[in-house]
Amino acid sequence: MNVARVQFGIKDLDKMICGGLLEGSANLLEGAPGTGKTTLAMQFIYNGIVKYDQPGLIITFEEFPQQYYHDALQFGWDLKKLEDEGKLKVIFSDPYTTLDEFDRMDGELVSIVEEMGTKRVIVDSMTHFESLTDDQHDLREIERRFINALKRENVTSILLRENNNLLGQVSQVSSKIPFIVDSYIILRYVEVDSAIEKALCFLKMRGSDHQKDIRCFKITSKGIEVESKFNGREGILSGFTHSTPQDAFVNVFGKK
Amino acid sequence: MNVARVQFGIKDLDKMICGGLLEGSANLLEGAPGTGKTTLAMQFIYNGIVKYDQPGLIITFEEFPQQYYHDALQFGWDLKKLEDEGKLKVIFSDPYTTLDEFDRMDGELVSIVEEMGTKRVIVDSMTHFESLTDDQHDLREIERRFINALKRENVTSILLRENNNLLGQVSQVSSKIPFIVDSYIILRYVEVDSAIEKALCFLKMRGSDHQKDIRCFKITSKGIEVESKFNGREGILSGFTHSTPQDAFVNVFGKK
Amino acid sequence: MNVARVQFGIKDLDKMICGGLLEGSANLLEGAPGTGKTTLAMQFIYNGIVKYDQPGLIITFEEFPQQYYHDALQFGWDLKKLEDEGKLKVIFSDPYTTLDEFDRMDGELVSIVEEMGTKRVIVDSMTHFESLTDDQHDLREIERRFINALKRENVTSILLRENNNLLGQVSQVSSKIPFIVDSYIILRYVEVDSAIEKALCFLKMRGSDHQKDIRCFKITSKGIEVESKFNGREGILSGFTHSTPQDAFVNVFGKK
Amino acid sequence: MNVARVQFGIKDLDKMICGGLLEGSANLLEGAPGTGKTTLAMQFIYNGIVKYDQPGLIITFEEFPQQYYHDALQFGWDLKKLEDEGKLKVIFSDPYTTLDEFDRMDGELVSIVEEMGTKRVIVDSMTHFESLTDDQHDLREIERRFINALKRENVTSILLRENNNLLGQVSQVSSKIPFIVDSYIILRYVEVDSAIEKALCFLKMRGSDHQKDIRCFKITSKGIEVESKFNGREGILSGFTHSTPQDAFVNVFGKK
Amino acid sequence: MNVARVQFGIKDLDKMICGGLLEGSANLLEGAPGTGKTTLAMQFIYNGIVKYDQPGLIITFEEFPQQYYHDALQFGWDLKKLEDEGKLKVIFSDPYTTLDEFDRMDGELVSIVEEMGTKRVIVDSMTHFESLTDDQHDLREIERRFINALKRENVTSILLRENNNLLGQVSQVSSKIPFIVDSYIILRYVEVDSAIEKALCFLKMRGSDHQKDIRCFKITSKGIEVESKFNGREGILSGFTHSTPQDAFVNVFGKK
Amino acid sequence: MNVARVQFGIKDLDKMICGGLLEGSANLLEGAPGTGKTTLAMQFIYNGIVKYDQPGLIITFEEFPQQYYHDALQFGWDLKKLEDEGKLKVIFSDPYTTLDEFDRMDGELVSIVEEMGTKRVIVDSMTHFESLTDDQHDLREIERRFINALKRENVTSILLRENNNLLGQVSQVSSKIPFIVDSYIILRYVEVDSAIEKALCFLKMRGSDHQKDIRCFKITSKGIEVESKFNGREGILSGFTHSTPQDAFVNVFGKK
């Protein structure tokens, strides 16, 4: 059985996941502040429209659309123009309204999705759903309902979520969403040689074989570029990254 | 005294536990999101029906049956067909109803078990019982009652449970269920050489000698395949996996 | 001054504690799920009756007597037969009743102890006393009263207690019972060479010289067998067990 | 697209961030007590006026202006004189009033900003906003509103924030501000050779390529001076800084 | 200025503290269950009477006097006989009464101290004062009042306190008593070569030079015997004791 | 700009801070029980009077003046005599009264300061202010008000504060005072070679260049003596002090 793939349009990234995200899937993208969540998500939307002709929708709960236009332009992505061409919609909303519209199925958001033929959706960010309730069981139910609604519309979504973990161990999930979604992508800071690098990892990907590498990536003037693994390094996700003893020996004594 | 074994139909896994799970036992299967809990459970049910002619029941509290059919098809397991043949039932329910029906012994679930001659049961997942009460002593009593009901019906059950621990130390049990069940299986992420691998371990197995190895496993297009131990590695369950010093020396200097 | 010893009937274990537990003492046995608490306790009771002609009593708060008979039979111990011969009693009760009967001194349990000439008692488990009160000072007083009652009856008791710590550091006592009892026995998982082994340690033993070794043990078809220390290993109770540097060097370069 | 840069006037620091902070951006500066937050912020304001002719505003919630004049004079920066010349304003206020004035857009602070042509603003410190509410969602909303108001006035701001972490791991963000601001600068103590050094790192910088080095810095009689990376050191942000094995070998055996 | 010393009568221990405890001082003795707190305290009292002719008082809040007589006899110390001779009093009381009697200065305890000419007092244990109040400031005031009362009577006291820390790091004080008392003695488990040893350390000793060694000690049939330091070991109080690298090299390669 | 220095009269200590504390500054001195806070503070006061003719005031909230006289005499410092000569005042008070008197500016304490020409003040300890309120924002405001009052009187103060951290990592500040004061001095236990040593470190010193060394110090019969750095040691403030690898190699193999 073959499932259609929804490409990021980032060659090495798509290769890691056998061509792209699963069509119609909900994908959680978590990272600390500044790790590049929004950049990766915008690139997914922008490439979707420009390279694959798949209309996109960005739902944002805190940043104004202007901030998106502005930030995207840094990478040469003219979102405003795409919006004018009817291929993109950037909506500033709030979690309550968003949830309600998707539940009732007759709200503005659902209309946009259906009328524009939207294939890709960004939600920035799932963190804001936490203001709707203090009850953990209710929150999970809300998140599940919302994710099911996205799947009902058959869009491929990237759900951003803020992760408070800067450089500590990737020890616990910080919400129940990873259990609900189809894939779980982690962006992360890593300290290497007195500098901060960035790592990317697909921790979960339902119903799909994928590369489990922890890859280094850069944010260049053209967006995200995925590089190689962190060779000769252990504990990248533990918060105590260090050279492997092998690597240390080899660096000093040379290879045998 | 010999107890009958209920096989997974996964050769290396069954070998680890002397042939299979104990007939009539309740078995807890825990793991972080994406570690393969549902895949292993579906494989247990599918092989049960196809290889050992033992009817199965899947009780799910969050995923719709369609999701199960869909995910299983990735591995070539046609659950819908088995359901049509009367050898499998996938029930979407909630913890309250499920508990109540098993308590009263005259509910739909008990009927299914008894009429279909169900031998294998999956509960996905025990985590949802936590929404029934905030009192830890009550929760334990509820879990115990439910597990006793399953044993009363003489089915061999795999009880899934979400574990929030992604890559941290396996330090504390996160519920009291491990004290109640007959066996306790842990699936876990392990970082090796800048990639994420998966480990499997039978931490507890009542009344049975079993292999205590921590084994690497893969999810292939045919389901779970169990591989070798993590040779030359320490601290796999500690969250700080590293090469043993021996292994590091040998890699660099060669064996003496 | 010599105190009589109450033997486990497990040679290497009895040797560790100079012949056995102290007559009339209360002994706390803690361990994570599956570490073998119940097996060790049953072996103590079974050997007590069969080898030393000392009648035994098992008080259980969660498992039914049938589970005990069944589990013990795996090791060839026929508890049902011993009960029929009047040398053993397996009582399913609850903490409130048990405490009350021992307090009033005229309950069923005290009668059994006195009429059967009971010398050995198992309580499975002290953990359930925690449901009686949320006040830590009250709980301690309850536990003390119960332990004093056991001592008043001059039985040698093994008090099981669940320990939630799977593989983390043995850092804190998880109750105040270790301060009250005469000895404190810890069973524990240890990761060695990508496998899970079991360790046993007498952390406390009042008024008695004893071996402080951390010993490896196995659960065989005949019950618990105590083996050697974990040679060449550090940090067994720290959750980060590792080869000593000495051991690592010697393994690679050989002994000088 | 090129964004104008607002320089610190500290050569090596400006070089790290491609010339300076982004014009109109909000920048979070966090550090433990004594790491030099206020010194760096004053230097930004002082150089702004003296070197780049950009009027500045300092809003302080705890220190009196006199303390600022006094501390700045240690570095030869005569803030009082700049204030007399109408190029600087040091305002002692409180979070409630400050927030309210910026919201209403007709308060004293907005007047100062607009009349003086203020280009640079220091807020010392954001920590005091926490006294306005105990609700985390409300606090985030307050912080966001305040930061948006600063952006509306098109000033480049440095928002100080106290970080309670002295020498522990940089594991978690201690507020949600890092997710809202455009850049996130961390000052930090590092123990090296039985002495305390200081490190500086730009963890986040929106829409901009920047150096991710963790640099050593000193507070001299002329203010902050940024030095090199911590060569041969791992774990600077982990709280367990140590020599790399390579470095240790080389120090003892020499280079190959 | 020379202060009189109150000897333990344990040669190596008295030598560590320049002859003994300070006359009239309050001394906190903390340890995990089974580390030997009571044994050391009884030895202090017994030697005080037998070797130095200083009458003693033991105030106990949980153990009955009979347990004391019994436990002491294991070491050949006949406390009952000393009590009959009027040189010792073992009082079973509770924290409320004890505190009240010392406050009013006319209770039984003060009478005993004054009539018997008591020079040494054991309180077993300070932990039980915690049941008097849930307010930490009140508790500190209570503890201070009680300790001042002991000083008013000019006795040298050893105040036992349970420490819940089994083998974890000695990181935090677990009460405010260490700030109030004159000296603070820690007994502790240490894992060495797959066995549990015991360590003793005087962390604080007011107004007195003393040895700061962490010494190994044994409980023999004659009581506590203090041995040497833990040579070639680091991190004894950190919970991760290990051989020093030096020691490891020397063990394998020999000394240069 | 040169600020007058207030000397400790401890040569190596004064040298670390370029001659002494800043005149009129508030200085926080923290340490675990027994690390020597009070000794260092008394030495500051005693030397102030005897060597520099600067009258002193000691405000104590828990210890009686007699305890001070007694403890100081151990070092040959006759505080009683200095008090009789009108150069010192030791006041036993409580936080509420102390705060109130300094606020109203007409209380006994302010009179003493002004009439005696007090230049140096000790507050033992700031910890007791925590009993005034449970609200963290109020507490900070109280502490700030009190510290400002001390500065208003232009005295150089040493504010003692109890630190509960015995040997754990110096990870978090335990109050907000370090953010308010002019300097922050930490006294600390360090385990070296199976013994407890003491370390001293000036973590913060406002408006002043100072040595950031972590220095070993001893309490001798003449008071505090500051010694060298901890050479060849890493992680002194991390709670896991260890030899550097370099040091370990050199100790075994000798220098190259």
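A, B, C, D, E and F label the chains in the order they appear, each numbered from 1.
What we mean here is this: a contact is a pair of C-beta atoms (placed from the backbone, for glycine too) under 8 Å apart; a residue touches a chain by one contact, two chains touch by 3 or more.
Just so it is clear, the structure is predicted and the values come from calculations on it, not from any experiment.
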Chains touching both chain C and chain E: none
Rigid-body rotation angle, chain E and chain D, from Cα fit (steps of 5°): 120
Interface residue identity across copies chain E, chain F - same or different by half: different
Gap in Å, rounded to a whole number, between the CA centres of chain D and chain B: 50
Where chain A and chain D are represented by their mean Cα positions, the distance between them in whole Å: 29
Junction residues of chain F - those touching two or more other chains: 169, 240, 245, 249, 253
Topology of the chain contact graph, where touching chains are joined (line, ring, star, complete, other): ring
Chain order, ring traversed from chain D with chain F following: D, F, E, C, B, A
Partner chain A, residues of chain D touching it in the complex: 1, 137, 144, 169-173, 176, 178-180, 183-184, 201, 203-209, 211-215, 229-231, 233-238, 240, 244-246, 249-250, 253, 256
Touching residues (chain side chain D, partner chain F) in the complex: 32-34, 62, 70-71, 73-74, 76, 130-131, 162, 164-169, 189, 191, 193-197, 219-221, 239-243, 245, 248-249, 251-254
